[in-house]
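Take a look at the structures listed below.
Paired with chain B in one complex and with chain C in the other, chain A is shared by the two complexes that follow.
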Partner chain A sequence: MAAHLKTQGDRIAEGLSWRQHIELDACTRCGECQRWCPVYAQDSRELLTARSKIKYLRKIVGERLNDREEEKFISSLYECSACGQCHVVCPVRINTSELWEQSRASLVKTGILQPVSQIKQLSAIKEFNNSYSRPQQERGLWADMAWESGFLLKPLRLWKDHPAPVLYFAGCTASYDPSQQAVAVQSARLLQEAGIDFSILGSEEPCCASKLRRMGDGDFLREAWRRAEMIREMGIRTIIVSCAGCYKGLHSDYAGIWLDAPEVLHLTQFLDLLIGDGRLRMRHEVPLIVTYHDPCHLGRHNNIYDEPRRVLRTIPGVKLVEMPRHRSFSSCCGMGGGLKLAYPEVQLKMSAGRIKEAEATSSDAVVTPCQTCAMGLQHAVDEHSSPIKVYHSNEILIRSVCPDVTGEAVIEAFSRR
Partner chain B sequence: MGIILTWGYYLVMLLFIVTYLQKISLLLRKKDELPAVRSGITLPVAASAAVDILLFRRLFLSNAFLWFGEWLFHACLVLIMVRHLRFFLDPVPPCIFSLQTPVIIAGYLFPLSLIYIFMAKLVIEKKSYLSSSNFFLLTLLLLSAVSGLLMKLWFRPDLAEIKWFSLGIVTFSPSEVPHGPLFIMHFVLFLIVFAYLPTHIAAAPASLLDARQREKAIRSLMHEK
Partner chain C sequence: MPDLGPIQYAKPWAIFWTVAVLAHAYMDYSFLRIWKRWSRGTKTGTGHQRNVRAAIKIWTAEVLLQRQLFILSRSRWVVHMLIFWGFLSLSLLSMMTCIAAALGIADIYTAAKFFFSSGKGHIFVKLWGDIFGLFLLAGLAAASLRRFLLRPSQQVTEQADTLLLLFLLWLALSGFVLEGLRLSLVPPELARYSFIGSLFIPPGAYTIVQLQPWLTACWCLHAFSGLALLVYLPHSKLIHSISAPLVIALNASAEFARKDIYWPHISKHRATGSLKD
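Moving on, here comes the complex of A and B:
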């Protein structure tokens, strides 16, 4: 068909993969997605359910959507954290997260753009190579500050000077966000404690660009290719990632892009191996009852459920209790898929709901290996004055391995600089 | 009437085939932008997908209560459909005859399973869980089941007439419709159900297989070196 004769429906249909077209037909509208959807749980509108989105998507591809329906469909597509709960419970296993992301990208190609708040962040990633609009030179500063503040056993070496067998990839949030830089510092310290020979990319570390995929930016493929090629040319074979979003990006989003895929492990997976080999030893007791929050990007999207739990259980003094919804049924905190940017009030309700679940377990703290989830949950704790603490899993581990590198200590030391 | 029903049957089948051909042509023309990460259909992948397809494993994990009704309904439906082939085949393969006892049981369980699903969705979930399309389909199936049971138990039609009518359809020589409104109702309901649900039948197993292929491919690409 000549390009100028293509309709909006044609273009959206083109954007979807042939498997996704099959998935549109596979939906039986059974309603399991509605029953489990964490966004629907906040605001019982049928429009928000996966089956409704698929119904509208079928219609829009077939050019049978009027303007009002189109508007409703688009808002529902973005009022979604793409947490993948509907994929887990779907009896025919429609890969909903990918379907929403691809639909967002297809809509953008037809000129229907993302919400403004999302566009701002996407532009920042493309312009600054990070989602914080900060200079690239500042990306590795956390490593220098950590060494100068005495949090590390030795200074961290850059890959260009020392291409070690393992690369630690800190990600944008742990590199730039003052409230989360402790995650990077603690990750590096834990790797040092285990005697791992690793390097970092410092100011050469790119943003993984996975947010581009999450929010349907049309440049994702180009940006991801560029980064994958850079990593391939460097000869990096093993990447340890402490950010769940970066893990999903480098591990899963890049899966079809890598020419020669390196091994990508989440920090908790690597630490689990190190603890199992006796290379990382717990020294101090951490007397806490904790409940574990599964990040969507690790759990539902990548099947990482056991390793973080095993790591927590090895810490002396820690008692792990589960919330009613855990593992693949874990409630999403709403921090993914650009939801917080477009619908912050919905995200807050979702986080607050999760915090209530955690409180009901009578735990002292809710622990998660995702700094983004930790930020979202902390926001709900602050808003609702909840007595429960929110910790990144590194924080609990570090208290047992080397208690002088607590998050509080890192934030205080870095704020003085 | 026989002519109308026979042509109705042909129309529904034509719609079914055209819909599938349309879908296939769309899929053949597609060039995916993102390289797909999918494994081949190996024995473990096929076996796990078969478990998903035949046992509705996912539904069992998320809603065991509903799973019972759904699985029973689908199992009964398959048995009943297979047994109905005896009207369209001549001679009838012995394996279809051998299904008589299980199909009689399935015939009674079928409407009960539908009522169970209705109850599970309407009463227990309490929210607007049952979509209008679901409601419509379940109602059609229930009416179809009830009309079938009424013919089996009280208003027995002439089976020879039904066989003659059915063979007339498949041999393209339409014949008179069997007497009685129940058969006509039963047949029309079947046509509506068939017209309403054409692509789901093939797309759902394909979606389940695809999910397993993807899982396997990502795992082997990134972890199993």
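Moving on, here comes the complex of A and C:
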């Protein structure tokens, strides 16, 4: 078809894969997605369900939607954390989160842009190489500060000076966000405690750019390709990430991009191996009842359920109890998919819902191996004055291995600097 | 041994075949348009190595046995299995009947055709129709009960849903009414094989001459309704009977490679103590 004769629907249709087109026709509107949707649980509008999104998507690729319908569809597409719960429960097994992300990208190509708040963050990632709009030179400061504050056994070496067998990839949040820098420090310390020869990229570490994919930015492939090429040229073979979003990005989103894919592991997977090999020893008891929150990007999207639980169970004194919704049925905290940027009030309700679930287990703390989830859950705890604590899984582990590197200690030391 | 063959009454075969060819042609055209719509998307592979054995295993579990639905809700699984297997088996029966009729028109008599239309095999054909007709009828009745009376919160009923349900009910019932009329003309010992159809035998005694117009009318209603379904199928949500198995098959290898949510034991991962159906 000549380009000038193509309708908006044609262009959106071309952005989807042929398999996704079949998926649009496979939905029977059974409503299983509605029953389990964590967004619908907070804002019970049919528009927000996966079946409704599919209905509008089917309409938009077949014909022109009127302005009102278009507005409704777009709001439903972005009022979603793409957590993948609807994928898990769909009897037809429609890969919904992939469909939403691809639809977002497809709409953007036709000029139907994301909510303004998302565009701002996407621009920041492309301009500053991080979502915090901070200079790239500051990215590796946490490592220097950690050494100078006495949190590390030895200074961290940069890959360019020492290309170690393992690279620790801290990610934007743990590098820049003062409330989460402890995650990077603790990750590095735990790796040192286990005697791992690793290095970091410091100010050369790029943003994984997975947020571009989550929010449908058209530049994702180009940006991801650049980063994959950089990592390939450096000869990096094993990457350890402590962020669920970076894991999803480097492990899953880059799957079709890597020319020679390095091994990408989440920190909990690596620690699980190290503990199994007896290389990381627990020294102190941590008397806590904890419940585990599965991050969507690790659990539903990448099938990592057992390793983090095994790590927690090896810590003496820790008792792990499950929430009613766990593993592939874990309720999303709302921090993914750009939902928090576009609909912060919905995200807060989702996190608050999850905190209520955690409270009902009578746990002392809710533990998650994702700093983004931890931030979202902590926000809900603060807003609702909940007595429950929110910890990154590193925090529990570090209290047993080397209790002088607690999150509190790191935050305090870093804030003085 | 009584004659096991079908009761002979007038059937407008010429009109039926003409309409059947047209209906089929229209259905094929509709599917072609759907295929073209699907083809507008980018061609991408599954991104994983094909694993035929895993794909067959997943497809059997998910399409033929509908494992995912079984795990989510036993009651909905029973209802959907009744409709699925009832519809599939009756469609197969109708297709075989049409082929047999076509063989008759072409004057091709085979031993198999004789066995199933006039010989002892006729009983199996009737039994097949009754068992799966019962499946379909029970499934549709339960689905109607759920949709219109129980009304679970997740259910959204659009006009098309009501229309499809009524249409399938009509097909199943008209088949049984036709069977009941036919059985009123055969000896009772033969009627027992059609254990559901015999419930539809009209009261009183009739001759073939008396019932002939009714049999023809009922046959027309049932047969032409079946053809109407061919026309409606690509435009109704029954399209999922084609697209859903296709999606499952296409995703199967990828799911197996990821060892993800569906493989090997989703039941291990399901929520506990909440959202009971």
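Definition applied: the second predicted complex is superposed on the first by the 416 of 417 C-alpha atoms of A that agree within 3 Å, B and C clash if a C-alpha of one lies under 4 Å from a C-alpha of the other, contacts with A are read in each partner's own complex, and residues count from 1 in each chain.
We take it that a residue touches a chain if its C-beta (ideal position, glycine included) is under 8 Å from a C-beta of that chain, and two chains touch if they have at least 3 such contacts.
Keep in mind it's a predicted model, so treat the numbers as computed, not measured.
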Task: Answer with clash or fit: chain B and chain C placed together on chain A by superposition.
output: clash
Partner chain(s) touched by A:Glu383 [first = chain B, second = chain C, both, neither]: neither
Task: Scan A:Asp144 for contacts with chain B and chain C and give back first, second, both or neither.
output: neither
- prompt: Looking at the overlay, what does A:Tyr305 touch: chain B (first), chain C (second), both, or neither?
  reply: second
- request: For A:Glu23, select first, second, both or neither according to whether it touches chain B, chain C, the two together, or no partner.
  value: both
Message: Just to be sure I read the superposition right, which of the two partners does A:Ala13 touch: chain B = first, chain C = second, or both, or neither?
response: both
- prompt: Looking at the overlay, what does A:His251 touch: chain B (first), chain C (second), both, or neither?
  reply: first
Message: Quick check on the superposed pair: does A:Leu221 touch chain B, chain C, both, or neither? Answer first, second, both or neither.
response: first
Message: Quick check on the superposed pair: does A:Arg327 touch chain B, chain C, both, or neither? Answer first, second, both or neither.
response: second
Task: Scan A:Glu285 for contacts with chain B and chain C and give back first, second, both or neither.
output: neither
- prompt: Touching chain B and also chain C: which chain A residues?
  reply: 13-15, 17-19, 21-23, 25-32, 34-36, 46, 51, 88-95, 255-256, 303, 328-329
Field: For the chain A and chain C complex, residues of the former touching the latter
entry: 10, 13-23, 25-32, 34-36, 46, 51, 61-62, 87-95, 255-256, 300, 302-303, 305, 322, 324-329
Statement: Counting only contacts in the complex, chain B reaches chain A at residues 23, 26-27, 30, 32-37, 52, 56, 58-59, 61-63, 66, 70, 121, 125, 127-131, 133-134, 199-200, 202-204, 206-208, 210-211, 214-215, 217-218, 221-223, 225
- prompt: Which chain A residues qualify as touching chain B in the complex?
  reply: 13-15, 17-19, 21-32, 34-36, 44, 46, 51, 88-95, 102, 221, 251-252, 255-258, 261, 263-264, 303, 328-329
Statement: Listed in rising order, the residues of chain C that touch chain A in the complex are 34, 37-44, 47, 62, 66, 68-69, 72, 76, 152-156, 158, 161, 237, 239-240, 243-244, 246-248, 250-251, 255, 258-262, 266, 268-275
